[in-house]
């Protein structure tokens, strides 16, 4: 069960409201790299967690923290919209600088939300829940979480560079810090479960008899004219310790047949010429 | 530039067509764990790759391979739909077993595609390109790719279990194998760039002055009644080697203010009671 | 800031797991009538609330409660999926009754979530955040909330009828009860602000000079052959107490012009015939 | 069956075309507060109406009116786009003021529609029909309609403030007026059916035995540190006249169990560590 | 301006209600091949029509007809849902045949719409307005319309085959007939404007100086191993009468450069290794 | 199976990077008129092609070409983003002209992709695969393809007009040329199959007994006050050569019944007043 306390997890201060930056901040709320995504992802992963319950508890605790991140970012958006002109009669609206800024703002911050945060990204596209990955496989979920926190910290770092408001920089430095922790937290779960080599290939419960292992460890060069780009993935032991990486190159013609579906059936709504 | 050759990358054989399994297979084409996603993701990452060009080349080569995966899966869907009744006059349609199976099939395989694959998932929901992660940060992108291949191999393993058609099992064993390789390929890029510790926190280019480092290494227990779930993430050196993990617990009241936006402005479309 | 405690808000008991009912229950999680919607809607309304802070506090408290509803419904979905066949080798999968039920289940409960809840509706369509209404106008928001709780209670009542599992009926009777409260809670806010007549028309801050009041109180009969359906809306005082309802009927030809955009411009990408 | 006559329902005049305002106006066509939504919502409600046919007739008549609103708004968008530069060779395109305005315009008004209206909102996001609420319960539908007209009138009022074009203000004053009527029209249906108290709780056909009535009339304070915000919803008779409102406060620990799904099953695609 | 009359455009009779067929019929309402699409597409094309006003008038008249198609199909869905079990207590719900049918029905027909039509397709996916093509180019729009009516008639023909209800077959034979007319109507507009050759290439207003005409008339064989599939498109005069079709074959290596974006910039959120 | 070679299909040169034009170009990648759409549409049509295999081969070859179009357009977007300010500290960011341009750019080109192309349109809305039409009917598919290439060439022509960068104009002149070919290629398939008259009505396999032919050849005037707009579609032989076009005009009252669904059922979640 959830509870709430009245103070924000972190102080939000906006020295100079900036409606354009309000639009940018929306990416951190409703973008695929944002906080709704991680809050809901960890929440659904927790609800579906099977196995050692400590992982479930940890997921739920961090899901709860991420809800608090939405909350302070939402406040930051509203504070950046303070003073934005809502009427062409206003002084500000006649100011060419303000006019130019408003051209780059999200018009729905005025038209739809009345100067408040929305669950949308920096283009005004609503977040959709297809981005919540909760696979029932803990290692796959941890990879999804590392990815979410990695793109999240990339985003927060870019937002930090796109403002010179001291209050916003301070808030973003907190977000950057928490994303640092969460990246490592999810990787630490892999360590905790026995380490990356043991986790691979994910799922590690698939019987080897279900796998055409002769195709499991080669890099396929599909280029007609490029040499194979060599690296850790083309030679040496595989990361799961089970084989050696190697390369298949040269123009590969497929191992399968040329597909042919034959004629269309009567009653199938095709043209008669397809049935001949 | 892309080219095509006529044979499928891998042989597709369906011993007993099964329209319900055709619906399931759609998840591997148009699901978030599917092949359109990885093909397009690696393609866009390649197009945006900056830095050592070998990573770009590798991404493009594997993007190209994934397009071939869509192709043989698409053929597998069509073969599973052979013989599905397209008319209630047909013998098959009057068979109660067939009728029951068709109830669990995707009706659009008959109505919209005429017994062929569609770019949709197992619920018939079209794939949408918001799932293509190409962040411009190579480490974040690799995490996105590991996640895609992990959920992809989980899916392929589950599909393997959901059929007893020998042809389909053979094809899926190839997919499982290639996902094994690709999981490791993307992790090997991290190794190739200096290893996970050096890659963290992602992006590793964010100056430390942009980060509130006092918040970067603690696990936050947000529960009122659960003890901290201890593990690799609560003590010991952090995975980036820069600090020690620790825990902040107890009921945390926020570090910030109680938010208050004051009164609504005139002309803002609020109720007058909000302006008083 | 948010917190969590370990026990569910309400007991969840499933006497006989039913994967088809798991699919139905998803509507109460990720449907437009579901709990993600109300949790996020009240949360965003709270974050944007201006005026008397007691409304903000109330919204946040109920948003928090709704998060707990997601949590116990998510558990109910997982419990209904216990025992669903994940492999065609299983006994259950060969049982024709189970087979028929699985045809009506959500295949992604096996393929994508591994027998757990997802943030999708009963058709497997992910929830999207365009459904979060937080307009900055408290009365409009309350109407959105009454609507959400009304369709929510309709849904819960229908789900109650679609199961005969005693545990599920008990859980749904709790949801029905809370929806009863919440419908009235939001209407009570209107009362608290001065009552419905005073709230109308929403927004009540629009100056009368912005309104063509001669068009504000008539019902328009747009039918060629139906008499006006008389009722409270065709005569008597208007609900805002400012005028009398009346009717405009007979074939209305428009008050405006016949639209004509003239020729297409050069360089506009039209056909040359449109430019002549 | 539908018919059309050639003149717009209301005169559309644009004194000074403004491509940025054309973008804003799109919210009234293809936004969630817009006219496609209400036209389609009332149309689907009418098609599904059961009970006294006068409500069906009324819904269809107003659906028809709303189609006419789309029509004149669509013309208004096109007129606001007259003269927008479609080529960088044009005089206007070189004017810095025009250039700034075009930066805040919808580029698809040039690229995709050739200077005409589109079924999208002010961010260019297409309207989607998940927003059509037609529940089969007349009272719930009426609440959805009041909400649609309330957010619609909030939007029209904000648009009125965002232009100083006399023609546009005149057109919007008509929209504001019709939204006034329609808000009251739908509330009047509730009156007509016996009044709000009788309508509650929606659906009023749910037997009391399906409801855990001991949970139906209390406000739940989920905050750790905020006192209950008192108001009409915390004491006094409930709005359905069946009980007294009261409050449950203090830190509530849940009434249910701590959820535990146990181990993952073999063949379920989880990690082996989850099966131990 | 729109008007309505009370009778459906065509008689709707359902001899044997079939909830599964109700789900199928949804494709004709809310599918991409359905009636919402054509109604809205012709409506938006009419609103944006420039040039000879007779095309605008024709588009609006047929848009109006298509609204009437939605109406009778909506009624057909509701009639097919008559008698579907809404409670497990009902006799019908215990009937195994009914149970199997309901497994293949849309659960939201019970849960969300109360046995009525919804603006969704046969998978329950809501229609979205991105499918409305109104380009401002009359010839392109006509092609969009022919395509819509072609896929529409394919769908109607398949639905005809999927039912043996005489009433439904009769209604669908009317839809098939109107789609026959509308396919030809839109092609006739091309004739009316001077014929296909004159219309091509669309837009025919693009100056030849904007086109690299040396690339305008060859079929490009991109296969490594397939001979060119010869046909009307590989030789003979082009359909616009301006050139001869020919073929470019053999492995084509691109005419352009190998792309290289160089190093990532500081402050761009990339990894430091990408900046070296 | 797919392959790749290293050089772009066409040279991409950007003389003066323009982040606003990068946003516009996105429409040609991820817009409904763009290259992802055609690449995927031809690919899925090829996978589902039944009948003469030469059409399948041709579709696959052109699908492959379109993938190469995505590739060079993606490079063009990245080159247009070179030099865009990613930090407010940069010189460029302080330049008012740059500031104004960035207001009209896609913020996610900085925040999400790190100055690279994305699979989104000019509004930042991701492409979704519901736009892939592959009906199983070759003639319907060809119409879909002509439409895609027609709107595609309209778009490319408009983009040509919206830039004065010589490199971009050169690249777009190539796109315009290829769209010219592809429009005609798909129409040539119709010729190749026997010509348009023989193809109509699509599908031409629907038995005439499934069609209410008395409704197949009249234009329906649904206007109350407009005369029928005469043209090729109102008289003369129909385009399929089977009948004469004619007109039905005057106020048409429907041929069907007035719909009436009667009372709502118990247990259906309606209001009790609907059941009376």
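The first chain written gets the first letter, and so on, giving A, B, C, D, E and F; residue counts start at 1 in each chain.
Going forward, a residue touches a chain if its C-beta (ideal position, glycine included) is under 8 Å from a C-beta of that chain, and two chains touch if they have at least 3 such contacts.
Predicted model only: the values in this text are computed from it and were never measured.
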item: Interchain contact steps from chain B to chain F (minimum; 1 if touching); value: 1
item: Chains touching both chain C and chain F, listed by label; value: A, B, D, E
item: Maximum centroid distance from chain B, chain identifier (CA atoms); value: D
item: Distance from the mean Cα position of chain E to that of chain C, given in whole angstrom; value: 28
item: Distance between chain centroids, defined by C-alpha means - chain C, chain D (Å); value: 10
item: Sequence positions of chain B contacting 2 or more other chains; value: 1-9, 32-33, 47-48, 50, 53, 57, 60-61, 64-65, 68, 71, 75, 78, 86-87, 89, 100, 103-104, 112, 114-116, 120, 123-126, 128, 130, 135-137, 139, 151, 154-155, 157-158, 161, 202-203, 205-206, 222-226, 251-254, 259, 261, 264, 267-270
item: Contact graph of the chains (line, ring, star, complete, other); value: complete
item: Chain C to chain B touching residues, read off their complex; value: 1-6, 47-53, 86-89, 96, 99-100, 102-104, 106-108, 110-112, 114, 120, 123-126, 135-139, 193-194, 199, 202-206
item: Complex interface listing, chain B residues touching chain A; value: 3, 5-12, 32-33, 53-55, 57-58, 60-62, 64-65, 68, 71-72, 75, 78, 86-87, 89-90, 114-116, 125, 128, 130-131, 133, 135-137, 139-140, 143-144, 146-147, 149-151, 153-154, 157, 160, 169-170, 172-174, 176-181, 183-185, 187-189, 191-192, 196, 200-203, 205-206, 210-224, 226, 229-233, 238-240, 245, 251-259, 261, 264-265, 267-270
item: Contact set on chain B toward chain C in their complex; value: 20, 23-24, 27, 31-33, 100-101, 103-104, 121-125, 151, 154-155, 158-159, 161-164, 222-226, 251-254, 259-264, 266, 268-276
item: Partner chain E, residues of chain A touching it in the complex; value: 154-155, 157-158, 161, 224-225, 251, 253, 267-269
item: In the complex with chain D, residue positions of chain E that touch it; value: 1-9, 30, 36, 40, 43-44, 47-48, 50, 57, 60-61, 63-65, 67-68, 70-71, 74-75, 78, 112-120, 126-130, 132, 134-137
